[in-house]
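Each of the two complexes below includes chain A, the first together with chain B, the second together with chain C.
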Partner chain A sequence: MWDWNYAFEVLPDIASALWVTISATLVGFVLALVVGLIWTLMIRSNNKIISNVADGIVKFIRNTPLLVQLYFIFYVFPQFGLSLEPFTAGVIGLGLHYSTYLSEVYRSGIESVGPGQWEVATALNFDTRKTWTRIILPQAIPPVLPVIGNYFITMFKETPLLSAITLVEILQTAQNIGAGTFRYTEPLTIVGVLFLLLSYPASVALRQLEIRVTERY
Partner chain B sequence: MSEPIVRYNNVTKYFDDLQVLDGIDFEIQPGEKVALIGPSGSGKTTFARLLMTLEEITDGTIEVEGDYLWHEQDDNGDLKPASTEHLRKVRSNIGMVFQHFHLFPHMTVLENVMEAPVTVQGRDKKEAKKAAEEMLDKVGLLDKADSYPAQLSGGQKQRVAIARALVMNPKVLIFDEPTSALDPELVGEVLDVIKDIADQGDTSMLLITHEMDFAKEVADRIAFFDGGKIIEDGPPSEILYNPKAPRLKEFLERFMNTQSSPE
Partner chain C sequence: MSFWELIVSLLGQGLVITLLTTVLAAILALVLGFIGGLMRLSKNKFIRFIVAIYVEVFRGTSLLVQLFWIYFVLPMFGLTMSALTAAVLAIGLNYGAYTSEVVRSGIQSVDKGQTEASIALNFTRVQRMRRIIIPQAFILMLPNLGNQLIELFKSTSLVALITLTDLTYQANVLNATTLQTTQIFTALLVIYFVIAWPMTKGMKMLERKMTEGRM
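Our next item is the complex of A and B:
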């Protein structure tokens, strides 16, 4: 049933594909962090049009499946002249999808900053940008860092979806190996174990962060 | 008498259908300390918040050193709503100390006081640090420079907030019930600091307070608000000991009877 020799034979190939998974997660998450903040700021805009359009887009993306979005970006966009590499398409899909969740996280963080901080910013004559960067965000972000970290781990575990748009990440690599030898047990188990080895320490670290944040706020 | 530093012309304020200020005319002279008294909802806080631009004016104008605060004049001399730049420029003359302090919790005491001089006024960091330390010394908290707000008592927090407002060199400083959120035993230290500033500074002050003794001691003039209007306005001796308006008499009597909870 389980063949150690075979397992060790396929391990290097799978492990090297881990790099694709990790870089897709990192790039996708940075995109999600930035775009998520942009959504939040747009939704809070005094301009009703900007606010409603952003709110609509966010609701639309959040309430449709990531897999459908990935298919759309990869298979439908080219018909409109936008052909993307699997990695690029995947990162955009992941980043956009998670940006809508992070936008909600930012919102809750920002709302936890009391109205007094805005008023004192006005009283000290801060402009809008400095009010955000110096006063509001430094207070809004730390309390929600654990939630942000949680989304990071969740996103990491969702990257195998990118195999659906032909990205040869870790799951796709395992599948390719399996398809060549008709032996799926070892490669797929290795995939699971590798995910576990990375996510579990990350969630332990996150738990520590959560404790520290709770102590401070 | 010199030019007033602040002038309210027929200022009216509505919150939706509710009128809170009813055509107020008022002047503050340079260096003058004015206490605002009156029952809750009488409009005194809104009156001050309009000057700090925390509420938008509904009608009328406010001038600060001859510049319109909420308006700009176009080429024909007609008034139009002020641009953000104009508002910020005129607002830079005004400072405010809040009832609930609103210190920046993520910064040390020193950083709280240094932040706006550096970020807003673009002052040199070294110079701002020195100025901030001087202000902290003035309010007696230089030894707390490296503490965080959460480590301070309410009275200390309010003194830091005062230093933070003062370091910006405002021409007019608003105090919005600066001791109302404090435990009784901490009120004195804050009032002492305010009194010091009043005695030595040429900053004009607008002081919303329920501390009548303090108002008497610090203010050159007391204005009594009721129903969105200034009913009576004069030197403390007149307002407190020789009130003319029936509403003011009533307010002072009620106030003397319920000193512990003036509201």
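Our next item is the complex of A and C:
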């Protein structure tokens, strides 16, 4: 049933593919952080058209599956002359999908900043950029850091979806090994264990951060 | 095929499986979530420990990995099942773990005075839970449960990867035969959106209706 020798034999191959998984998570997460903030600012814009368009896009992305979005980016974009590597397509898909979730998180953070802070910024004659970077965001972001961290872990666990657009990450590596030997038990279990080993300590650390944050705010 | 024909063809072939998977997995997740959430609040340390393991394992690994594990690895141990059973089991177990946390925190956020009042009224533990705590906790859980239902619905697209013939799977088949890639995947996105969006709205309405005059 379970062969330790075989497990140790395939472990290095799977572990080395972990780098693809981790780098896809990191790049996708940075993209999600930036694009998410752009959505939030666009939705808050005074221009009705900008605000409605951004709101519509965010709703559409949130209400459709990531897997289908990945297919769309990977198979439809090339029809318009934009062929992307699996890694690039995957990272764009992940980043875009989670940017809509992060936009919601930013929104709740920004709304929790009191109206007095905006008035102070006006009183001090801060321009819009300075108001955001010096006053609002420094107060809006720290309280929502645990939630942002949670999305990072969620994204990490979603990366196996990238195997569907032929990216050879950790799950695809395990599949390939399984297809070659007809033994899926060890490779697939190793993938599960690796995910657990990485995401569990991260979520424990996040809970600590959450306790510290609730104490402060 | 025209865009409309594509939509009709996709719906005709894949909608039933997608919805069936969603409903069955949602029921399983809700049942597991309530059982898990209540067990998590048990006084017995061992029971709490068992549930904690279940929750951490299913939340800590990826749904797709769990799906593959159930579909490809369990048969090695003599447990062969259909793609639909594997899909419902994997999604139900995965979302059940998340739901149990929602149930736990919902029950814990019911005011302590309610428990005290029901003790004062000489309610038994079961009566207290069934008549006093859970009806109030359920309303607190609704927004989270609604969000999870939408997430669960979207996650059913993964079942295409274990050859269950849902909307996403049929789109891939159609794509291979007609090569109308742009229209097919656009149609697929639109279909998912048209189902998920009213679901989001519906959950919000249900939430408002349930909380009317209460909060």
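Please note the rule applied: the second predicted complex is superposed on the first by the 217 of 217 C-alpha atoms of A that agree within 3 Å, B and C clash if a C-alpha of one lies under 4 Å from a C-alpha of the other, contacts with A are read in each partner's own complex, and residues count from 1 in each chain.
Keep this in mind: a residue touches a chain if its C-beta (ideal position, glycine included) is under 8 Å from a C-beta of that chain, and two chains touch if they have at least 3 such contacts.
Only a predicted model underlies this, so the values are computations on that prediction, with no experimental measurement involved.
Using the superposition on chain A described above, determine whether A:Glu158 touches chain B (first), chain C (second), both, or neither.
A:Glu158 contacts chain C only, not chain B.
Quick check on the superposed pair: does A:Ala123 touch chain B, chain C, both, or neither? Answer first, second, both or neither.
A:Ala123: touches chain B, not chain C.
Quick one: classify A:Gln139 as touching chain B (first), chain C (second), both or neither.
First partner only.
Name the contact category of A:Val68: first (chain B only), second (chain C only), both, or neither.
The second partner, chain C, only.
Just to be sure I read the superposition right, which of the two partners does A:Gly56 touch: chain B = first, chain C = second, or both, or neither?
Neither partner.
Look at A:Gly180 in the shared chain and tell me whether it touches chain B only, chain C only, both, or neither; answer first, second, both or neither.
A:Gly180 sits against neither chain B nor chain C.
Applying the document's definition of touch, where does A:Phe195 land relative to chain B and chain C: first, second, both, or neither?
second
Does chain C touch more residues of chain A than chain B does, or is it the other way round?
C
In the complex of these two chains, what residues of chain B are touching chain A?
52-54, 84, 88, 91-92, 94-96, 98, 100, 102, 104-106, 115-116, 119-120, 164-165, 168
Considering only the defined contacts, which chain A positions touch chain C in the complex?
1, 59-60, 63-69, 71-72, 75-76, 79-80, 157-161, 163-164, 171, 175, 178, 183-185, 188-189, 191-192, 195-196, 199-200, 203
Which residues, counting only chain A, touch chain B once they are in their complex?
Counting only chain A, the residues touching chain B are 114, 116-117, 119-120, 122-127, 130, 134-135, 138-139, 142.
Which residues, counting only chain C, touch chain A once they are in their complex?
Touching chain A from chain C are residues 56-57, 59-66, 68-69, 72-73, 76-77, 150, 154-158, 160-161, 168, 171-172, 175, 181-182, 185-186, 188-189, 192-193, 196-197, 200.
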